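One structure is given below, represented as structure tokens, and several questions about it will come after.
By written order: A, B, C, D, E and F. Residues from 1 in each chain.
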Amino acid sequence: MKLSKELIEKSKEPFISELENYINSDVELIVKVKSKRLLENKNGKRYLLITFEDKTGILRAIDWFNAEKNNSKVDVGNVVRVNGKIVLYDGRLQLNIPQDSNLIVLNENEYSYERFVSESKIPVDEIISKLFEIIESIRNKELKQLLEEIFKNDEELFNKFKNSPAGLKVHHNYIGGLAEHSITVAKMCDNVAKIYPWLDRDLLITGALLHDIGKIYDYEINSKGIEITQTGELIGHIVMGYEIVNEKIKKLNLRGISEKLLHMILSHHGELEWGSPILPKTPEAFVLHMIENLDSKLNRIQNIKEKELETNPNKKWSDFDPNLGRRLLLKHTERG
Amino acid sequence: MKLSKELIEKSKEPFISELENYINSDVELIVKVKSKRLLENKNGKRYLLITFEDKTGILRAIDWFNAEKNNSKVDVGNVVRVNGKIVLYDGRLQLNIPQDSNLIVLNENEYSYERFVSESKIPVDEIISKLFEIIESIRNKELKQLLEEIFKNDEELFNKFKNSPAGLKVHHNYIGGLAEHSITVAKMCDNVAKIYPWLDRDLLITGALLHDIGKIYDYEINSKGIEITQTGELIGHIVMGYEIVNEKIKKLNLRGISEKLLHMILSHHGELEWGSPILPKTPEAFVLHMIENLDSKLNRIQNIKEKELETNPNKKWSDFDPNLGRRLLLKHTERG
Amino acid sequence: MKLSKELIEKSKEPFISELENYINSDVELIVKVKSKRLLENKNGKRYLLITFEDKTGILRAIDWFNAEKNNSKVDVGNVVRVNGKIVLYDGRLQLNIPQDSNLIVLNENEYSYERFVSESKIPVDEIISKLFEIIESIRNKELKQLLEEIFKNDEELFNKFKNSPAGLKVHHNYIGGLAEHSITVAKMCDNVAKIYPWLDRDLLITGALLHDIGKIYDYEINSKGIEITQTGELIGHIVMGYEIVNEKIKKLNLRGISEKLLHMILSHHGELEWGSPILPKTPEAFVLHMIENLDSKLNRIQNIKEKELETNPNKKWSDFDPNLGRRLLLKHTERG
Amino acid sequence: MKLSKELIEKSKEPFISELENYINSDVELIVKVKSKRLLENKNGKRYLLITFEDKTGILRAIDWFNAEKNNSKVDVGNVVRVNGKIVLYDGRLQLNIPQDSNLIVLNENEYSYERFVSESKIPVDEIISKLFEIIESIRNKELKQLLEEIFKNDEELFNKFKNSPAGLKVHHNYIGGLAEHSITVAKMCDNVAKIYPWLDRDLLITGALLHDIGKIYDYEINSKGIEITQTGELIGHIVMGYEIVNEKIKKLNLRGISEKLLHMILSHHGELEWGSPILPKTPEAFVLHMIENLDSKLNRIQNIKEKELETNPNKKWSDFDPNLGRRLLLKHTERG
Amino acid sequence: MKLSKELIEKSKEPFISELENYINSDVELIVKVKSKRLLENKNGKRYLLITFEDKTGILRAIDWFNAEKNNSKVDVGNVVRVNGKIVLYDGRLQLNIPQDSNLIVLNENEYSYERFVSESKIPVDEIISKLFEIIESIRNKELKQLLEEIFKNDEELFNKFKNSPAGLKVHHNYIGGLAEHSITVAKMCDNVAKIYPWLDRDLLITGALLHDIGKIYDYEINSKGIEITQTGELIGHIVMGYEIVNEKIKKLNLRGISEKLLHMILSHHGELEWGSPILPKTPEAFVLHMIENLDSKLNRIQNIKEKELETNPNKKWSDFDPNLGRRLLLKHTERG
Amino acid sequence: MKLSKELIEKSKEPFISELENYINSDVELIVKVKSKRLLENKNGKRYLLITFEDKTGILRAIDWFNAEKNNSKVDVGNVVRVNGKIVLYDGRLQLNIPQDSNLIVLNENEYSYERFVSESKIPVDEIISKLFEIIESIRNKELKQLLEEIFKNDEELFNKFKNSPAGLKVHHNYIGGLAEHSITVAKMCDNVAKIYPWLDRDLLITGALLHDIGKIYDYEINSKGIEITQTGELIGHIVMGYEIVNEKIKKLNLRGISEKLLHMILSHHGELEWGSPILPKTPEAFVLHMIENLDSKLNRIQNIKEKELETNPNKKWSDFDPNLGRRLLLKHTERG
């Protein structure tokens, strides 16, 4: 993952999730326009309704004073600086834009992208400490040495790993997503190895931790959110992951690590048509593929449920999800 | 699973796996002809080489005295009563058929099918005690009541469950396979529920234990081994499982059990083209499908590895497996 | 099919199809907004063009007086009460909305859903009388008894059957569609049985009448039109149909009815990927699937032709139909 | 269909189906070797068991005198001249080959292929008279004129039509199969047109009668049975059918026959992947495709049932049929 | 290809590509509205921004005087007559619409379609002269005679060939596209025949020149651009091409031309699911299919690159192309 | 490609293709048993008919003296040393095995594998000289430097390249096949670049020469012929090719070579389901894939034609080829 700019945020504007501490106060916000609508009340008075968002949530705003002017000033997707008063209306927070408001569209260099890219909900320290705990449990010396090289000694690599998402849209599409996904898959694989003791646990867990490492070159974060890089499009994370791990093995001269580890990286998508150049041909490669798939799907399902219920807590069925090819049950009715 | 005959074995003939206790003794065996070959030694003398099998293993036999006669007497697939001496030859046990041998082809009613159908390697008591332990851990009262009705109170159902295979060819195709598969899937699902605590653990585990219950009507054991029944071909275990569980719910009037449980049974094949009439639409149904699939695949992989290495301990790659669509790595070479 | 509300219509407002009797009269209508457009004539005067619809047709309306106000009052999809004068304009009926019009958006409880859900064009009595005639022709006593139980004795079931659609979008998606489809398929199957006399006619026709019976639990009619129920999403009509018929067979103790009938219900979609958990394995199941498919397709084709030609009687090709995967010829040009 | 040789049979040898009139008589037969087996009875005497076949049935033969010599003389697939006595054994006819038998393998020019290619079970006159009856019922003058040109006036074409099979292996793979298939499809289409009166009946029936006409160039009958011709492989019956009908329309200058008829021929396989260069885009083309498919499937199912039950009248399930992708139920077990 | 109207253009209005000769002059143009947007400048003044197009390019226009009036006068897709002054603004040509502008929407009969349908960038004379050169190189007399009949003697056919596009959307979708495609494929096939000298070069090149000849009946050019004809939808260019060439062979009685040529036309789409009724079964048919496919793809890729870079010369990746199923690299970044 | 043993052939036994120089002479041969049959002549005398093969052809042998003994001595697939007299019989060469023959089955270390693995028909020098000519024509200095490093400076790599096959079964499955394939694809790509001058010729040709370089690690030649290696199964030639070229670029620090070259290697199978982890996204990658595919198919077609016609020069159609999914026309019949 290439951070195309330094994500240093100097400004002190609060995030949307912090606004419950500002009720009835004036604030200045840096937010993105998610949608807008120019409306007319029963008396024929025009007003502008905007939904703002940042990575922490969404906020409804209303402008009774400069509706038409501000409407023609901003487009959906613009990042703006806006001031106003936070009020509680209809059970939700709302920003009232005042008559003397100064709504300004910002250029890309006037704000930090980080405001608009989500992060893993699990604190990064917690993820990393779990990672080190897993590495500690590996008994195979060469596999452990390899993991320590990648996750401890090569600081640049490790920093990229911590900040990378594991997806563009479908799953773990937020900063820290790659680490979260890798550790969860490793934990699940550890459980699987307990139930099928004939599996090579150390190999399985090492493969789990490294399977998506190539994704650090797949994505960059910029003003449009997460975008796929040229390397992501032309080479892809599966081959990049192979290259990273293969070079470390060669550098450390770990002659005891067999092709089975690299095979797990190459085959973890499970089927050729899902982008693996080779099918899984060892039990550990099979398990990695299936567990990885399970975690991806559950992460997606969890996201869909949360987003849909956030919008409408009584919704019974999600919208059709083109990635899963179905609607999901959100709340069920008892048979009764 | 319909046991088409009582599988009561009166005879005392030893199984092949017990023959290491009979070296240099005369034995009488009931075995099936797996393959045979009429050969000629360098001196032009004809001899008959037969491979016998029962559910516990395979045995090489040689007949130097009545090669042609016995060759025309038996066909591959016949079950025979045969006597001879057990010797150690070339590091393996072998049956030497004597000149006065009395090789007799048996009719279906002259032996027990049970001799030729494999059983789970895990003792049935162990499986069942794990099953009751899992049921004990369920907190939802109605789900627990349902499981106890099926696995404790309905003795006929439970007996069928204990003896049923979970497959014809692909996986768990032996007596006790259904119970072994159901319990393993439930244990894995329990682990998954620990990692994703937002899942409904009790629902997930109940679905895991019941998902293949309809297979008790899918198979019958007869002289040809495991065969699919008319019900298996015309209705199928997915719908039979739905029917069994649905009727128990109605009988016990368990109004708190929602359609989500029945949905898990119907959708556990995961895709329409794999025979589920409905796609998984709840997180628990997704998990059940994916874990069930993982256990089936691992059981098949384990079986392939064992069988291929039993035949040839140095084999590096399995034969092409049409069900998995690939060859499997049996023993790897170090990169060195 | 669950009628989520009583569909009792008290009001006397005419349907759109009845308006040809009201030319140059003032009417009050309850209609749904299908589309609307705020326009300007050459003199710069704004007017509002609305297309209204109910289950009987579509109606063009024009508002020269309160264009902007009414435009901001209604959204596409709203059900409204509106008054005005019916005139003939450009060869079609049109509603002129007067200056003192009182266009009111109605809440769900202020009108009957029935106004907006189509019905079979064949009168229900005609369908039902044909149904009884077919049942009368069955010679197999148990099959006849089963049909009479479902279509005569179980009044609740029969009422649902009469009112249910057989589809959401693709075919027979109107009240009475299930009955119409079932009877047409049965008539066709009767013809097939005449041409292939070795088929079991009674079995075939019974399967034809019952194959979609589970759809009575698949759909509900509400303010959004026809919607799929939770049972429809989680269980599906194929398994529900199996359950209904299986329970009736058990209740009546019809031991002569074989698994072949239930097999026909389960396999009538013909392929696993179309949602049948089992493939057709009897000639009657094959015929039912293929005839059922033919009737569904012809119903869809007929609907497309009618709707497209209603809108534009000179159109030569339909729009691309995503369900059929092609355009359909509406009117052909002679070669000559 | 190209008859690669004159199929004139001069010899008077009886067909297998006629042998019940020859019990205990000596006969001379021209038959094909379907299978053979060299066996040994309990006394060690070798005998040869052969199954012969011709287009009318199969016949078991036994040779106690020259078992080894005759075994090495004939191969499976050879056509032979053989004499012997017809006896009734075990409820079936059997040929006993005498000591002085003269078993001769024939060359291709020493017998007529016709002996070994099946014919439709429906007498050709019956098929043809039904054909003319259908043509008579057509009201559209140009369509009728076209059909009369093809089926009455063009004698060469009509003779080919009468003798052609409609398939190689899958369905109607016998002399007269094309005519039988075409007429049955037309009868079914006539029935469909009665139920959906908005269909163009005359067009539909004309398409039904002509849809496979190109098959007269697809097959030739030779010593190997039915074989596909070079034209069949390089051009195919769909385009040949188009060409035949198109040239007749041009020759007769039938300007009222639209492209819809030719479209039906081109699209009757229903899907591109089944070899139609164009999808059905008219209701009549849809119906033709689906009815044609139904008749093909039913013919295949009927053949499988007859052949399997002929061999084993108690068989419950057919072998797996690769064309249908499943086993078929032959005889069902009652539930009760 | 049916030219539904004479494409004679009397008017002298310049094409967009000629406007660089008119900078600072007043012009009158006939152009199509590609997009429009009613905007407001910072002072609240409304202006209308229109993008016009003809077959030679696109042109930005601005109207400061009658923004609202003209906005309500034209719709996207309208062809208009408009006058104004050509200026250079921001490095691009722009049309300034004056206060007394007379923007008129034209009816279909008031302009020539030709203005809006692209043409091959290669001059037609160049294409044709290359065609004759290729024909001249054919040594097989009958194939040469066939080509001369089609491309020289049958003037009507040849004219259609010269003016026909080879596609609707995907590739060579402009006047002259068919000829350009056919000649390029023939040139490539000539090269292939040099590398594999065992191929029949004359047959291959003849097939290349004739493979898409049926497209002359697939398309018509009208006010909506290129549209598919009824013949194109119901019969298709593959069968039409077969018919054209087959009739010429019969007419000229070219008995030495084998079915292999017609087979190449029928099989050139390469797979049944791509609309060929027959698979390629000769080496020449394989080559034609693969080379034809290569030229189609390269033409599409070239068009995408040109159009995307014309709009935005710095774009790195094309939009997702549904036909190719991917994005294309437009400008790459060095690895550095 | 790993040559698992030194392929040094000391022995002087002639190859089958050289036997026309030995007619009526006694020879000693090292050959493989392709098939054998124990037969009986009319007088009841048994003889043994064997077909031998080496990489240069097939040879019929007959043994009238020790038929049964030698039959039981050898199995199909054995490599044997055999002596006898070469005679001309029925227009073909034949080996007559004498009474005192000494037919010996050889162990793997008693002969050279090379005798049984085919080689390219094009002499290796010719291929290599063409390779250097192509490299010479590259103008881009870095690409040229890369090619010279791989094909000139790294001798070990180059030797492997010269001896490697490019396939196991489907195409170029002989020693030198990789070089032959790579050069032919490069020549074709050169031609394509002439016709589409906007392509990057140097990049295209470099990609063509290197696309399959990873195959040097995919295969090994041993007693079973060509076998896939562990690296071939677990990593595959696409990723190995990426690794080889990537390391050379890094070693030489060729910073001007962009990811587009590596992308061509990764995407040259064209579709994910054919094993490319990434789709072609540049024009050069598209061309490489399509040309590479064309050469593979033509090589396979050429091989099938040669082999089938060698066996039967009058055969009209090849056997069904499962890889191509069809039969191929071998010799056509004229229409005339």
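Couple of notes before you dig in:
Just so we're on the same page, contacts are C-beta pairs under 8 Å (C-beta built on N, C-alpha and C of every residue); 3 or more make two chains touch, one makes a residue touch a chain.
All values reported here derive from a predicted model rather than from experimental measurement.
Note on connectivity: the fewest steps through touching chains from subunit B to subunit D is 1.
Fewest steps needed to get from subunit A to subunit D, stepping only to touching chains, is 2.
Of all residue numbers used at the contact between subunit D and subunit F, under half are used by both chains, marking a mostly different-residue interface. Averaged C-alpha coordinates put the centre of subunit D at 49 Å from the centre of subunit E. The geometric centre of subunit C is 44 Å away from that of subunit E, both derived from CA atoms. Touching of two or more other chains is recorded for residues 230, 233-234, 259-260, 281, 327, 329, 332-333 of subunit C.
Across the whole structure, chains are in contact as follows: A-B, A-C, A-E, A-F, B-C, B-D, B-F, C-D, C-E, D-E, D-F, E-F.
Contacts from subunit F toward subunit B in the complex involve residues 68-69, 72, 230, 233-234.
The residues of subunit B lying in touch with subunit A in their complex are 184, 187-188, 191-192, 195-196, 198, 255-260, 279, 281-283, 286-287, 290-291, 293-294, 297-298, 301-302, 305, 325-329, 332-336.
The touching residues of subunit F, when paired with subunit D in their complex, are 39-40, 44, 316-317, 327, 329, 332-333.
Residues 230-231, 233-236, 238-239, 242-243, 246, 259-260, 262-263, 266, 272-278, 281 of subunit F touch subunit A in their complex.
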